[in-house]
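One structure is given below, represented as C-alpha cells, and several questions about it will come after.
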Amino acid sequence: MSCNLTVEIAGVSFKNPIFVASGTFGYGLETQELTDSSSLGAVITKSITRHPREGNPPPRIVETPSGMINSIGLANMGVERYIDTVIPRIDEIGTAVITNIAGFSIDDYLYVMEKLEACKAPICGYEINISCPNVEAGRMEFAVDPELTGRLTESLREVTKKLLIIKLSPNVTGIASIALAAEQAGADAVSAINTVFGMSIDTQSRSPYVQTNVGGLSGPAVRPVGIACVYKISRKVNIPIIGIGGITSANDAVEYILAGASVVQVGTANYKNADTARSMIDELELYLAENGIENLSELTGGVIPNE
Amino acid sequence: MSCNLTVEIAGVSFKNPIFVASGTFGYGLETQELTDSSSLGAVITKSITRHPREGNPPPRIVETPSGMINSIGLANMGVERYIDTVIPRIDEIGTAVITNIAGFSIDDYLYVMEKLEACKAPICGYEINISCPNVEAGRMEFAVDPELTGRLTESLREVTKKLLIIKLSPNVTGIASIALAAEQAGADAVSAINTVFGMSIDTQSRSPYVQTNVGGLSGPAVRPVGIACVYKISRKVNIPIIGIGGITSANDAVEYILAGASVVQVGTANYKNADTARSMIDELELYLAENGIENLSELTGGVIPNE
Amino acid sequence: MVIERASVTANELIAEGIFQMNVSAPKIAGENPSPGQFINISVIDSWFHPLRRPMSIAGREGESLKIIYKIFGAGTRLLSEFPVGSFIDLLGPLGNTFELTEGATPVLVGGGVGLAPILWFDETLRSNGIDHTTIIGARHSGEHFLEHCPKEGFILTTDDGTVGIKGTVLPTIESICLEMENPKLFACGPEPMLKAVKQFAEKETVLCELSVESYMGCATGICQGCAIEHKSSSISEHSYHERFSLVCLDGPIYNAKDIRFP
Amino acid sequence: MVIERASVTANELIAEGIFQMNVSAPKIAGENPSPGQFINISVIDSWFHPLRRPMSIAGREGESLKIIYKIFGAGTRLLSEFPVGSFIDLLGPLGNTFELTEGATPVLVGGGVGLAPILWFDETLRSNGIDHTTIIGARHSGEHFLEHCPKEGFILTTDDGTVGIKGTVLPTIESICLEMENPKLFACGPEPMLKAVKQFAEKETVLCELSVESYMGCATGICQGCAIEHKSSSISEHSYHERFSLVCLDGPIYNAKDIRFP
C-alpha cells in the first residue's frame, strides 16, 4: 500500500507533514552535508526581524532533563540581508520555505513582511513569532493577549495573500482563546507551541545558566505540553494547527496529528541530528501502512477521547 | 562546621526545608517501611475534600520523557475519615504535617477547614490546592484568576490562625499576580508549582493514555518550569515561597532555594524511592558545609541574576 | 517491602522475545514473598524513566529471585541490557498472593509472559505435594521454553499446534475444569485471555482468581495511580470507594467476580 | 561534516580523572580533520540528554581518532562507561584549526584536559619537522600521563612541582617566549589559564591563538547557542554582528586579541 503524505493548508500543498521549526534549522542551508532538506514538508527559517540582531550575551543554552533552555535573543541577519543572501538561494533548500518573522511592534512585523512581499520572495508563507514583547503595549507579549494577537494578525493579513501562520506561546492561561483570536483575524493556521518559560541555576556560581535568567524550555520534556495545547486549540478553532514541541520520532508526530495537528515541526531534535526530521518521513509512512491508513488526513484530529 | 537547616514560615518552625508534596506521599503513613518520615521538614498530605472521592476512572498514569502525566482526580478518603483515621495517627509521622485541601466551591474548602479546626487537629497548617474548577464560577479554576484566588484565601484566613499556604498552578499567564492576590488576601506562603497541563496519546489505540485526556505533568521534565515560576513570584511577593516540581536531589532543591524558595517539596521522585526526600537532607547539609554556608536562609533568593 | 540493589546473576533470552533474569536479592527474598507477588524495577538510574516497571516474581530459590519478561517498550529493553554482575534497583515484595481454597483443586493458567507468577505457583504447589493442573498458552512453539508433560498435569497449548495442544488455553481449561469436582482457576496473562477465563468461570460458577496489570506510579499506595474498576461491595481501605481498587496494594490478584475489564 | 556510528577501540583512565577514548571512525577521519577541530558526541541514545558533548580531537591515526576527557558531569560519566566494542554516535569534524604563521615559532600550551588538541598539534608539528616547544600544565604529577622531556621541547609543569617544572604554565611560557625571536602561542585549557596567556601575549605583543569552550546546542550553526564575545571589527557571517561569534563555526580557535572573557 502506498500512503499519501501530502497535506494542504489554505490551498498550499506540502509534500508531507514533517517540517522543521524556526530557530532549529538555521536558514535551511547550513546542514546540507547532514541531511536532504528537499525531502522535508517545509523549512521554517529562523525568526527574521527588521534590523539585524546580535542576540543575547552568552551563555545562551543549557541542557535540562530531556530538554534544554535557550535565550538566543532572536539573533538574526535582519530582513535586508535575508533578502540579499537567503532568498536567492531558496531553491537550494528544495522544498517549501516559510519565513518566520519576529518584531517588537506591529510596524516591525509589517516592515519585514512588506519587504518580502515587495521582492516577490519565492516563499510560500509566513509564520509569525508573537512571543515578543510589544514595546508599544508596555512590553506585554503579543502572545498573551487575544486582542494584541488579533490586531497584529489583521494588519498582516492585509499585506499578504500567502500563508499566514500565527505561532502561539504555551505560557498563557488560555492558548485556545489566543488561537481563536488569530483565526477570527484571518490567520490561515496557528502553530503551537513556542518554548515554555524555564530556568536553571548553577548552584556553584549561583547564577542562572542563561544570561537572561529565565529562558525557553524545549525538547522531549515539553512534548506533553505541546500535545495538550494542540488538543485544546483543536476543540476551539477550525483552521489547521501545526504541532511543535519535543518531537523526535514519527510516533511523536502521530501523537500530535491525532491530537489535532495537520502538520508538525521538529525543533530541538535537529541539534542532535539534522537528519532526524527527514528520517521521520519514512517512519511515518511505515506507521500509516501498518495501520492501513491511505491518507494522512484520516489521522488528523483522530484521537479517540476517553470521555 | 554544622549548618543550621531549620526554617521558619510565619512563625512556624520546621527542622529542615525538605518537605514531601501532596499526592506523592499518601497520608504520610504508607511508606514507613521505606523511609523515616520523622526526618523530613514536613509532610503535606494528599488533597482532602468535603466528601470522599473515588477519583477518575483508570488509566490514571503514564510516563513521559523525564516525567509522568496523572489524572488521579483527587481520589481521597474525605475529611470525615481523615479526621477519624489519619489525625489520630499523626504523631507516627513524627514531623510537622500540613493538610492539603481541595474543593469545588469556597464552601467546600471552608467546610473541610472548619472541621479540622474544630477537632483541633495537631497539624501545623493548610496547603490549599486551587487547581480545581470552581463550580460556582462557571467551572473556571480558582488558580487562573487573581480575584477568585483572593476571595478564597480571604475566606479561609478568617477561619484559621494556622499556616495558610496557597498552592499555585503554572498553567497561567501570570503566576506572580496570582501569588500577589494570595499574599494580599492574607496567605502566609505560596507553593509553586502544581502539575503542568500535559497529554500523551497511544498511537495504537488512538486514545489518550489517561482517562481525562489531558492530565498533569510532573517530574524532572518540569523542573525548569517550577524554578522559573518561583523566580518570578519572588520578584513580586514578600511572603515565603515553597518550591515544587521535579526535585530529585539536594542540588535541585538548592536551585529552587536560590531562585527564591524558603523550602521545597519532593513529589514524583518519591515514587521511585520513598526515601529520596530524606536522603536529600544529608546531601543538602554537605552542600552547605562545602560552600561555607551556616544558615540555610543565606541561600534563599540568593541567585545572582545575570542582568 | 524494601528497596535493594540486587546483583544480576543471569539475564538471557529463553524463548522468542522472552527473557529470564535472576537476581541475588537477600533482603527482598528475606521478606518471604509468595507466588502472585511482584517487584518494581528501576530500569535506569537517570530520571529519563521516573517510574519503575512492575514484574511478577517467577521463582525464588534461597536469596535468588527470578523474573520472566517480554521486551515491550523502552524500559523492558533496558532491562534486557543489564549484564550479569551488574546491580539493579528493586522494590519488593509487593502485592497480594494467590490463595488456595480448601477442597478446591487448583487449575493454573498462564498466557504469554503471564506465565511468570503461574510457574512459581506451580512449583510451590508441586513441592508441597498439592494436586493441581497447569496450563501454559503461547502462540507457537518458539514462545515456549518448557516441556509439555500432560501426564504430570503440565500442559502446553499453542495457537498453531506446533507444540502441546492446538488452540488457545480456553478449550483445555474447559475440558479440565468440567471433569473436576471442584476446580479453582488461577490465571495470569493478556487481557483478552483473562476476560475469556472470567467469562467461563462465571458461566460455570468456577472459583477463579486473576492476576491483573495496571500502570503504576509508586506500587506503594501513595499515588492512587494503579486503580482498576472493582465490584466489591465493601469500601476499600485504600481507594475510598467501592468502585476502584489499587492494584499495587489490593492486587494484583483478584477474585474474578470483583473486577471489570473495560 | 558527517554523523558516524564509530566503534570504540579503547576507553580507559590514563591519569587522575582523565580518560582516553579511541574510536574507529573512517568517515570522520576521511574528512581529514586538523588539529584544533572537534567532534560532537551523543553520550546516550535516549533523549534524556538531548545535546551532544563537544570534545577536541586529540589525535588521529588512519581511521582511528582519539579524545582525552575529564569526567565533569553526567554526560562525560556516561562517556566513560562505553565499553570497548560498543558503538558511539559522533558528529564531526567540526570547527576551525590552529594556523601557523610564517616565520613564527610555535609555542604550544595545554592545561588540564585542554592538552587534547595541543597534543595532536604537537604530534603533527613533530612529524612535519617543524621546530616548536610544547608546555603541558597540571596541578600535580597524578594528572600527567606524559613524560617531561625538556630537551625535546616537551615540558611538563605542575603546581606542586611533583613532576616537571614547579608552578603554573605561565612562568615557563614567559621564559620560553621571551627568549625566542618570534614566538606564536597556541593555548587550550581552563579559562583562568587562557586569560593569563592572553594577557601575557598582549603585554608582550606575542602572536597568540586560543582554543575556547562554549555550551553548544548543535555545533552546526543552526541554533546560535554557542556565541562568545568577540572583538573582530568585521561583521561575522554567522552571528550577524561584530559583538558575537559562533564557536562551533568560527571557533574554537581564535586570535587572542579578538575575544573577551567575561
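Going in written order, the chains are labelled A, B, C and D, and every chain counts its residues from 1.
Just so it is clear, contacts are C-beta pairs under 8 Å (C-beta built on N, C-alpha and C of every residue); 3 or more make two chains touch, one makes a residue touch a chain.
What you see is a predicted model; the values in this text were computed from it and never measured.
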item	value
Furthest chain, CA centroid comparison against subunit A	C
Pair with more cross-chain C-beta pairs in contact, given A-D and B-D	A-D
Separation of subunit B from subunit C, taking each centre as the mean of its C-alpha atoms, in whole Å	36
Subunit B and subunit D: spacing of chain centres that average the CA atoms, whole Å	46
Inter-centroid spacing, subunit B versus subunit A (mean Cα positions, whole Å)	34
Junction residues of subunit C - those touching two or more other chains	47-48
Shared-contact residues (touching 2 or more other chains) in subunit A	57, 65-67, 219-220
Category of the chain touch graph - line, ring, star, complete, other	complete
Contact footprint of subunit C on subunit A as seen in their complex	65-66
Residues on subunit B engaged by subunit A in the complex (per definition of touch)	57, 64-67, 69, 144, 171-173, 196-201, 203, 205-208, 210-214, 217, 219-225, 227-229, 231-232, 246, 251, 254-255, 258-259, 287, 302-307
Footprint of subunit C on subunit B - complex, ascending	23-26, 30-31, 33-34, 46, 52-55, 57-63, 65-68, 70, 72, 75-78, 81, 209, 219-220, 248, 268-275
Residues of subunit D that touch subunit C when the two form their complex	46-48, 74
Subunit A-facing residues of subunit D, complex	1-3, 42, 47-52, 89, 91, 214-218, 220-229, 239-241, 243-244, 262
